[in-house]
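What follows is chain A paired twice: with chain B in the first complex and chain C in the second.
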Partner chain A sequence: MQNKVVCVPDSPPRPASREGSPTPAVQAENLRRRFGDLEALAGVSVEIRRGEFFSLLGPSGCGKTTLLRIIAGLERPDGGRLLLGGRDAAEIPAHQRPVNTVFQSYALFPHLRVRDNVAFGLRMKRVPAGEITGRVARIMELTQITPFADRLPAQLSGGQKQRVALARALVNEPDVLLLDEPLGALDLKLRQQLQIELRQLQRRLGITFIFVTHDQEEALVMSDRIAVMNAGLIAQMDTVEALYEQPRTRFAAQFLGSCNLIAGRVERVRAAGHGRDLEVMTELGPLQVVAAANRRMLAVGDSITLAIRPEKIGLLAATAAPGPNQIEARVEQFNYGGPVSHYRVRVGGESLSVRVHNFGETYRVSQADGAVRVEFPPAALLVLED
Partner chain B sequence: MKQPNLILRLIATVLYLFLYAPLAVVIVYSFNTARFGAGWHGFTTQWYATLWANDQALAATKNTLIVGVASTVIATLVGTLLGYGLNRFQFPGQRWFQWFLYVPVFLPDIVLAVALLLFYTLAQKCFGGLERGLLTLILAHVTFQIPFVAIVVRSRLVGLDPALEEAAGDLGANAWQTFRWVTLPLIFPGVLAGAMLAFTLSLDDFVVSFFTSGPGSTTLPILIYSSVKRGITPDINALSTLIVLASVTGTLLITWLQRSRKTT
Partner chain C sequence: MNDNTSKNASPARPGMRLRAGITSGPGVIWLTVLLLLPLGALAVISFLSRGDYGETQLPFTGENYQRLLGFGLLGFDPLYPVILLRSLLLGAGTAAACLACGLPLAFFIAGLAPRYKTTALTLVVIPFWTNLLIRTYAWQILLAPESWVTRAVHALGIGTAGDALYPSTTAVAIGMICDYLPFLVLPLYASVEKIDWSLAEAAMDLGADGLRVFRHALLPQIMPGISAGIILVFLPATGQFIIPDLLGGAKTVMLGNAIEQQFLQSRDWPFGSAVALVALALVLTGIWIYAWKNRGQGQPDLL
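Right, the complex of A and B next:
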């Protein structure tokens, strides 16, 4: 099924085959773009592999959409270089790039029926009419819009428009599909469903997807790799897992998921097999930390920031037997949340967020007076770089 | 919906009377048997027959239509491109160009007429060939039609989502294909409205036509004017009635066209 869609004999030859090619789909080198006083891109370098689901994640105004538009050819960079499949993109005008876009507003042509919207790209490239009919029918089947083929965009719901926009882009069999917050306008249920569908479609077609979003959960669910952007720069670029488990900066730690930050001072450093064991004096008290070996050098006396995810903090009854890295705390707030309950606990002068999964009775650990003990597993405490 | 009270209804009635009573008089009198005077002497359609046999009137109708259609086609083409260019491109002095687009709209016709007469006379002296006739008439009409078309088309373009043209480019359409298959169909109601406006302006233009036409290129307004100088005759009433009928039909046709376009 998917082979029929991807490999059409008449399609123009590509510079390199999609799979197993060492040439990245997109290479950006130090891209810069300025709009008046606003520096939308302040030198962005990124390499996106073929067949990858790559997300650009960041708050609005961080430059993610500008980067997407430069890749699409809708915007020109002020400086830097962009390669598409190894070719310098400066030589390729927008309408000749092997790249298609799903626009945030969908930008469906209001005067054309769904079928003609989808066929638009192929018609512009003067693909023979018989081939167009077949390819349009197949992609409409794949994106489940065949029942609306004869409607005008004004007669479609948000989710249907989204699928049409997707079909209209995919029917051209681009090397890279750009998606600019395509799910932003939809309600939560539909968004979650389409997230899964988009991901499956991407796997099936093997096309490189570059997905722009400000929704961290969306990025987590869908992506192979994520570039977290802030103020025109890439704050951190990594696999989803590495980004969540090992954020390097405050921004990355707090934008993707939530994170408790704890200020401290290094008291002792000891090299260990897996990295370095640290003893850090914090406002909560002394904490043992295992720092990854590939992180910055640390010396005694350095001021550092520790980060720990709310679900990695252990919450124990005050009566439990004491252990290392445990500190007395008091519950400030408790919100029962079904599968995951949410606590705010006060430890020393700090207020920390703790998430507890609901198995057995453990979601309810505090005594009547709110006294608990929190535990910080040494490997879950991360040393941030800023 | 609220029902209007008595006073509002009265005002509305008076207003519509004010607008349409003169037209009704012309139509009624076109069926009056009396050749002169305001008295009603009986019903007849003879003036329409007279009109049909009137070579001058037929020639003037032909001239009016030739000038109207030719000038509208030229002005719509040029005006649409002008409106598109002013809206879609950025260039130095753009604001001035946009501002100068409005000047001819507010300029009194008589000033434009005198200017065109002077200009064509000078042009004829320097280059020869630009005899006053249908050609100068068409050019003169195009001159005052262009701003109207450009303004109407531009206002339509302002409401157009720029992402649509970007999407066309993204899907592989070059600049011409984008214009032809996306922009033009979407601004077409504006283009059509601009063309209708231009055609109407051309049909009833008297001042500019009077100054720039030649002996062989009399149009209906000029013919009516010169006939009325000798007194209002029933065949002029008949002619006016036919023009009213044509205008009403045209308006209905356009409304119907736009509605059927929307529902499909």
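Right, the complex of A and C next:
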């Protein structure tokens, strides 16, 4: 612990050598937790690498906070195993875990000044007073709370409280920092600013962050990897990009960003270099699909669900020259949204959401009587697993 | 408290001030007639002298206070300082004992399922339904030589069989705790009920073990309840003399019966007033020091 010095603001970024080191920061194996009738965790396994910014994303009640509390030691699992840095966490009581938490409510001690709130953890560990002063001053500088050092929590704004809560946890130089929706109570502007600051701070300190949020945009902006949780299970765990570009389940597709789902039946399967080319019969008409090779095997006659992001659908004037995967459609609704425009278009019996950047041709499409053509790029159509 | 009232009063328009005057009128009159005037009379009388027939008369003198401090006609006699000290000790001791019993009790009740809480609180309050004297006599019966309580205690090898358990200091302690516990438990329970347990989790998360979680995360939150409870117990317990009388044997003079004696038996109103005022001053000073030491800890001022 001692040699892990908190960097001063201008020091070079910490080398990424901690990433991919042999023992993961946190390993959960088949964790279960039940509260009465509610199964908060129904067998969750994750492996969180050292130095990683890992987000647990899901709607409220999906079990993400329970998982966080189990890692912190504030909750006991009913079953399964948790390893912290390779050590079985069942043997480590909460107050001895190399883990600190930024609570959703901040949970600052109302009777202590900011300075003493930040120093709390070090005092509990009986760090010498001289060292405490130095470390507290450094972390307050880093989190920009030095000007309020002598205030009581009641005299701080939400954003300031958030920084104090962060400083109070980080000053202990934990192996893992747990953040339970820390930005939830802040207004949008401040939230966006703190998202970036948190991300930079995490990079600089190299501490593993586990970030719980129900805000998918927040998770996208900040994380290295995201576990999307639903009903006590991990629906999908992947890098941010893979999760957005290649969602595997309906839940993941619709929770992270928005997605159009199209039901269909496989008509033809042809192996190709990069995967398989499919021809799928849908309510919109026949569509060509490129399926990734690592996905489940598909046979002719299988019922499948296709997903496509609104911004991947091409919108063309009705008069444009026809091409593959293009279908006649009619604009039902148009909302001008500054840089992007949102359309609802009716294709066959389905209503699809389309998002188009506002430059050139596309904007004028809405001016006509609504007749357009939509284009589905074959690689943008994803075959979901459920 | 002062801050609040000045904040509220400053933007008040005349109409509001009138309304405030009318609504607070009965309370103000009550306090003036029944508290301030008698207190003022007491203060004046304490500087007068006793006449031959127990009447109060001039000249003004500070003799009563001298006598109270022990410097009487017959040289130094610590009788009254000792009585004062004994009463303060009784008050402080009762408050401490009630706190020791009340703290676990308050947490226990707060932890009960909601439907049992009311029952538990009612049980705490039930002693109030009977008169103090009756309760104290009841203890005499329970602690009498032939009662089952006494026999059980003797069976444990404590004391001599056939003896009553009172008069004794233990009996006084039992009587005092039973009488004053509710005064401490109720305000304490109110603040235990409001505890923000996430602070306990935060403390644990930051490396505090059980005892230090209580010390640093819980205790500051229930301090208002503890202060209120201690004051509510300490004030009346200091003036208490019935319980020490009935359960401790009538050998010791307490503050309460010292004052009563001066007013009724000795008919020395000036001296009785001096004793009462000094006792009041001592108690208020104690509370003031307590409040001053705990100032700015986010608790409501009690003074």
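Here, the second predicted complex is superposed on the first by the 364 of 386 C-alpha atoms of A that agree within 3 Å, B and C clash if a C-alpha of one lies under 4 Å from a C-alpha of the other, contacts with A are read in each partner's own complex, and residues count from 1 in each chain.
What we mean here is this: contacts are C-beta pairs under 8 Å (C-beta built on N, C-alpha and C of every residue); 3 or more make two chains touch, one makes a residue touch a chain.
Quick caveat: nothing in here was measured; it's all calculated off a predicted structure.
Peer 1: Kindly say whether there is room for both chain B and chain C on chain A in the superposition, answering fit or clash.
Peer 2: With chain A as the common anchor, chain B and chain C collide in the superposed model.
Peer 1: Classify the contacts of A:Pro110 with the two partner chains as first (chain B alone), second (chain C alone), both, or neither.
Peer 2: After superposing on A, A:Pro110 lies in contact with both chain B and chain C.
Peer 1: Touching A:Gly121, do we find chain B (first), chain C (second), both, or neither?
Peer 2: In the superposed model, A:Gly121 contacts both chain B and chain C.
Peer 1: Using the touch definition from the top, say if A:Ala72 reaches chain B (first), chain C (second), both or neither.
Peer 2: A:Ala72 sits against chain B and chain C alike.
Peer 1: Based on the superposed arrangement, let me know which partner A:Arg168 touches: chain B (first), chain C (second), both, or neither?
Peer 2: both
Peer 1: Residues of chain A that sit at the chain B interface in one complex and at the chain C interface in the other, please.
Peer 2: Dual-contact residues (chain A): 72-74, 94-96, 99-101, 103, 105, 107-111, 120-121, 124-125, 168-169, 172.
Peer 1: Can you tell me which positions in chain A touch chain C when the two form their complex?
Peer 2: Checking each residue of chain A against chain C gives 72-74, 93-96, 99-101, 103, 105, 107-111, 120-121, 124-125, 152, 154, 168-169, 172.
Peer 1: Which of the residues in chain A end up touching chain B in this complex?
Peer 2: Touch residues, chain A against chain B: 72-74, 94-96, 99-101, 103-105, 107-111, 120-121, 123-125, 168-169, 172.
Peer 1: Show me the residue ranges of chain B that touch chain A in the complex, using the header's touch definition.
Peer 2: For chain B paired with chain A, touching residues are 161, 163-164, 166-174, 177, 181-182, 185-186.
Peer 1: Please name which positions on chain C make contact with chain A in the complex.
Peer 2: Those in contact with chain A are residues 196, 198-199, 201-209, 212-213, 216-217, 220-221, 297-298.
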